[in-house]
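Below: a set of structures, written as C-alpha cells.
The two complexes that follow have chain A in common; it is paired with chain B in the first and with chain C in the second.
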Partner chain A sequence: MSIAVHSINKRFGEFVALRDVSLEVPTGQLVAILGPSGCGKTTLLRIIAGLDSPDTGRVFLQGREATELPVQQRRVGFVFQHYALFRHMTVFDNVAFGLCVRPRRERPSAAAIRAKVEELLALVQLESAATRHPMHLSGGQRQRVALARALAVEPQLLLLDEPFGALDTQVRQELRRWLRRLHDALHFTSLFVTHDQNEALEVADAVIVMNGGRIEQRGAPEEVYDAPASGFVHRFVGSSQDLPARRTAGLLYVGPMAPVPSAGTDGEVSVVVRPQDVQVNRAGEGWPGVVGAVRVVGPLVHMEIALEGHNGDPLVAEFERERYRADPFLTGQTVCVTLRRYRTYPTDPVG
Partner chain B sequence: MAFAEPRMPATPASTVAFAARRPRRVLPGFGLSLGYTILYLSLVVLIPLAAIFLKSGELGWERFGQVVGTPRVVAALELSFGAAALAALVNTFAGLLVAWVLARYDFPLRRLVDALVDLPFALPTAVAGIALTALYSPNGLLGSLLEPLGVKVAYTPLGIVVALVFIGLPFVVRTVQPVLEELDREVEHAAATLGASSGQIFVRIVLPAVWPALLTGFTLAFARAIGEYGSVIFIAGNMPMRSEIAPLLIVTKLEQYEYAAATGIAVVMLLISFFLLLGINALQAWSQRRLLGVAA
Partner chain C sequence: MSVAAHLPRPARGLGRGFLVALALGYLALFLLLPFGVVFAQALSRGLATYLHALTEPMARSAISLTLTVAAIAVPLNLVFGVVAAWTVTKYDFRGKSALITLIDLPFAVSPVISGLIYVLLFGAHGWFGEWLAAHDVKVIFAVPGIVLATVFVTFPFVARELIPVMQAQGRDEEETALSLGATGWQTFRRVTLPNIRWGLLYGVLLCNARAMGEFGAVSVVSGHIRGLTNTMPLHVEILYNEYNATAAFAVASLLAMLAIVTLAARAALEARAPELKRTGRTTGGHE
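Moving on, here comes the complex of A and B:
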C-alpha cells in the first residue's frame, strides 16, 4: 500500500510537532524516518496510522484519502516501542486478537484462526511460547509477538514506532535484519521510526531525516550519508565534527591550512568532517596539532588531536586498527592535519 | 607509546569459601514489624472478636439456636446481607462509571467532583440517613415525585439499599480510579489498530485489567454495607420482618439487657461476613493471578 502525506501540520499546545510535512512512500518499500527525540517522527507515524489527527493536511493510503478514516478501518499494522501486548492474554490469544474481534460474518472459523496464528508463530519462531503470557517472555520475544499480532490481520502497511529501541544491541541487530527479510518475503510497505542511524542505514530502502518537525532530507541511505542536504543531516547521520572556517573571495580558509577554492557567499562557515576523512601526517602542510588520547574501538582506532589555536574539542581521526598498528603515533607527538573530504554549511550554532 | 592492547590482571585463585549464610533482607526489622503487626491486630481486632464468641458462649448451643433461629432474626440477617450485596452491586457499576469519567476526561470542576466522591466517607452516617429520609419520604423532594409512580423508598427495604449505595460509592471509585489512570493507553491503541471497536476494547482489554480492582471495590463496599447502622435506621422504618436490619436487632437486644443474645446474632453475622469475604478475596487473588499470567 502506498502512503502519501500532504502538508501536515500538528501542534500540541505551544509545541509545534510537525510543520508542513509532505512525503510519499511507494508500495513495497521499507522506509526509515530518522531523527532525534522530539523531532515529530512518532507523531507523523501516529497520524498515518490514525491514532492522532493532523491540524491541517491530508493523508492518502493507496491513493485514497484517509485523513478522516478511523484507525479500525485503515488496516495498518502498528508495532509499538514498548510492545503494548495484552498482558492478560496468552501469546496465542494476543496474535489471534485481530481476527477474533472481526464482525461475525467476516470472522474466520476457529480452526482457520488457529491455523493462521500457528503459521505466524512459526514465522516469528515462537511456536513453543503459544500458551505463555507476555510477562514470561524476553523483550525480543515480546516484540516478535507484537509483530505477529500486527501481521495477523494481513495489513498492507506496517508502521513501526522505534520497534527495537528498548532492546539490547545484539537482539536489536538480529531483529532488524530479520525484519528486512520478512519485509522482502511478504511484500508489504513498511515505515519505521528510529533515532538509531545504523538501524536506518542498514535496513531501509530510503531514509527520511527529520528535525524540529520538518523533513530535512529524503534519499537512499548512501545518499543521505554521502551527500547530506544540511549541516544537521551531516552531523546526525554518521559521526562528524565541526571546524570553524572563513570564506573570502571564493577561497576557503580552514585554520592555518592552505586556502582552497570554494563556491558560496563570503563569511563564516562550518566545515563538517567525518573522523575517517581526517588525514594525519608526521610533518608537512596542514594544521599542526598534538596527539592526545588514543582509543581502540573494536576494529578501529580513534585518536584525539589538539589543534593549535583551536579552542573547541580536540579533532578525532579514525584509523583501521591493522594499519595504525603498523605505523602508530605517540601521545604528545606533533602532527599535521589535512582533510581528505569535508562539506561546508552556513554557520549555525544550534545545528 | 599510546597504543596498547588491554591487559587483564592475572585472576588470583579463588580462596573464598562459600559458607552457608542466611540470605540478608534488604529491609531490616522483619521480626519487629511482624511482632508489632500481630500484637496490634490482636488488641484491635482479634481480642474483641474473641470476646464476642466468649460472651455468646454463655447461651449454650440450645439457647443459641433459639435466639438466632427466630424468624425475626433470620429475616433481619437476610435483609442485611441481601441489601448490602445489592447496594455493592449497584456501586460496582456506578463506581466504575464515575472512576472512568474522573480518570479519562478532563472537564471544568473535575477536581470538585473528585472531592465530592469522598464526602460519604466523612459525613456522619446519621446525617446521611436523615438527609436521605427527608429527600425520599412521601412528602420529600424526590419521594413526592416517586409516590405517584407507586415507588416507595423511605421506610422500605429499597430505602435501605439507597442508603447503602450512598455510603459505599467511594470505596469502588477510590479503588478503581488509580488502576484506570495507570492503564497503558498504547495497549488500547494497539487493539484499535487491530480493528477492535471501542466496545470491544472496553470489554476485552480495559475490563480484564480493572477487574481485580473492581472486585476489591465491591468487597469493601459490601463489607461496609453489612455493618452499616447509622444511616440505615433513619430511612428503614425498622419494621420487624420487613425493614429491620440485623445490627439494629443487636442494639435492640442490648437495650433489653440480653447481652448474650445480642452477641449471638453478632457471631452469626461475623461468621457469614468472614466466609463471604474470604471467598471474594480468593476470587480476587485468582483473577489477579490470571491477569498477570502467573498461574499459566
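Moving on, here comes the complex of A and C:
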C-alpha cells in the first residue's frame, strides 16, 4: 500500500509536533523515519495509522483519501515501542485477537483461525510459546509476538514505532535483519520510526530524517550519509564534529589551514567533518595540535587532538586499528591536521 | 563508611515489644472492643430476641430499603465510575483536571451538606419543589431522595479506584486493539475490562459498603418515616433513641458483618491482584 501525506500540521497545546510535513512512500518499500526524540516522528506515524488526526493536511493510502478514515478501516498493522501485548491473554490469543473481533460474517472459522495463528507463530519462531502469557517472555519474544499479532490481519502497511528500541544490541541486530527478510518475503509496505541511525541505514530502502517537526531530508541511506542536506542531518547521521570557519571572497579559512575555494555567501560557517575524514600528519601543512587520549574501539582507534587556538572539544580522528598499530602516535606529540572531506553549513542552524 | 551504618537499627527487646503492644492495645481499645460490644449487646437477651429484632416488620422494611438503595446506587456509580475513569485516562480534553477534582467532591463535603443540597433543590421550599409538588412527585422524605443522596455520597469510590490503575496501564493496548479492527465496545470488553477487573470489583465493594452504611446524607432527606423511608443505619438510631438497645445492636450487628465481609473480600482481592496495593489507595469519607 502506498502512502502519501500532504502538508500535515499538528500541535499539542503550545507544542508544534509537525510543521507542514509531506512525504510519499511507494508500495513495497521499507522506509525509516529517523530523528531525535521530540522531532515529531512518532506523531507522524500515529497520524498515518489513524491513531491521531492532523490539524490540517491530508493522508492518502493506496491513492485514496484516508484522513478521516477510522483506524479500524485503514488495514494497517501498528507495533508499539513497548509491544502493548494484551497482558491477560496468552500468546495464541494475542495473535488471534484481530481475527476474533471481526464481524461474524467475515470471521474465519475457529479451525481457520487456529491454523493462521500457528502459521504466524511458526513464522516468528514462537510455536512453543503459544500458551504462555506475555509477562513470561523475553523482550525479543514479545516483539515477535507483537509483529505476529499485527500480521494476523494481513495489513497492507506495517507501521513500527521504535520497534527495537527496548532490546539488547545483539537481539536488536538479529531482529532488524529478520524484519528486513520478512518484509522482502511478504511484500508489504513498512514504515518504522527510530532514533538509531545504524538501524535506519542498515535496514531501510529510504531514510527520512526529521527534526523539530520538519522533514530535513529524504533519500537512500548512502545519499543521506554522503550528501546530508543540512548541518543537522550531517551531525545526526553518522558521527561528526564541527570546526568554526570563515568564508571570504570565495575562499574558506578553517583555522590556520591553507584557504580553499568555496562557493557560498561570505561570513561565519560551520565545517562539519567525520572522524574518518580527519588526516593526521607528523609534520607539514595543516592545523597544528597535540595528541591527547587514544582509545581502541573494536576494530577502530579514536585519537583526540587538541587543536592549537581552538576552544571547543578536541578533534577526534579515526583510524583502522591495524594501520594505526603499524605507525602509532604518542600522547603529547605535536601533529598537523588536514581534512580529507568535509561539508560546510551556515552557522547556528535551526534546531 | 556505608550509609546504612548511620540508620537506626530496628528497636529490639523492650522498646520493640512496647511499641507493638501499644499499637495492638490501641487497635483493641478503639476498634475491636466496640465491635465486640455490638455483638455482645445484640445477643445479650438470647438468640430469639436477636432474631426477632431482625425479622420484625420495621426492621425488615429497613433492611429491604437499604438493599434497594444499594441495588440502585451501586450499579449507577459502577457505570459512572468506569465512564469517568475511562474519560480521564484515555482522552485529553479541556477541564480534565477540574473533572478529577470534582470526582472527589463528595469526599470533601460533609454528608449532612450532601443531604441538604437535595433538600434545597427538591424540598417543599426548594428550587424545584413547587414543580415537583404540582406533578405529584415526591423526592424529599421519600425513597428517590434517599437514592439521590446515596448516589452522591458514593460516586467517587469506583472512579477513584480505577483512575490510578488505568493511568498505569496507558492507552497502548486499547490503541492496538483498535488498529487490529476491534470496535470501541470490543476493545473495552476484551482488553480494558479484563485489565481493570480487580480494581473495579474492589471499588464496587467499597461503594456498596458505603451505600449501605451511609447515615448523614440519608438522614437529612429521609424524614425517618418508619416502614417507609428508614434505612438500616437510621433504624438503628431510632431504636437506640427509644432505649431499645438490644434491637438497635442487633440491626447494627448486620452492618458490622457487612464490614467484616467487605474487609475479608478486600484481603482476598489484594492477594489475588497485587497491583491494587501498589496503586493509589482510596480513603473513605466521613461518618
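Methods note: the second predicted complex is superposed on the first by the 348 of 351 C-alpha atoms of A that agree within 3 Å, B and C clash if a C-alpha of one lies under 4 Å from a C-alpha of the other, contacts with A are read in each partner's own complex, and residues count from 1 in each chain.
Here, contacts are C-beta pairs under 8 Å (C-beta built on N, C-alpha and C of every residue); 3 or more make two chains touch, one makes a residue touch a chain.
Source: prediction; values computed, not measured.
Because the two structures share chain A, they can be overlaid on it, and in that overlay chain B clashes with chain C. In the superposition on chain A, A:F80 makes contact with both chain B and chain C. Of the two partner chains, chain B is the only one that A:V294 touches; chain C does not reach it. Once the two complexes are overlaid on the shared chain, A:V101 sits against chain B and chain C alike.
Residue by residue along chain A, chain B and chain C are tallied for touches, and B comes out ahead.
By the document's definition of touching, neither partner reaches A:R11: not chain B, not chain C. By the touch criterion defined above, A:Y324 reaches chain B but does not reach chain C. In the three-chain superposition model, chain A touches both chain B and chain C at residues 49-51, 71-72, 74, 76-78, 80, 82, 84-88, 97-98, 101-102, 149-150, 152-153.
In the complex of the two chains, the chain A residues touching chain B come out as 49-51, 71-72, 74-78, 80, 82, 84-88, 90, 97-98, 101-102, 131-136, 146, 149-150, 152-153, 291, 293-294, 296, 301, 324-325, 328-331. Contacts from chain A toward chain C in the complex involve residues 49-51, 70-72, 74, 76-78, 80, 82, 84-88, 97-98, 101-102, 149-150, 152-153.
Partner chain A is touched in their complex by these residues of chain B: 1-3, 5-6, 184, 186-187, 189-197, 200, 204-205, 208-209, 290-294, 296.
Only residues 172-173, 175-183, 186, 190-191, 194-195 of chain C touch chain A when the two sit together in their complex.
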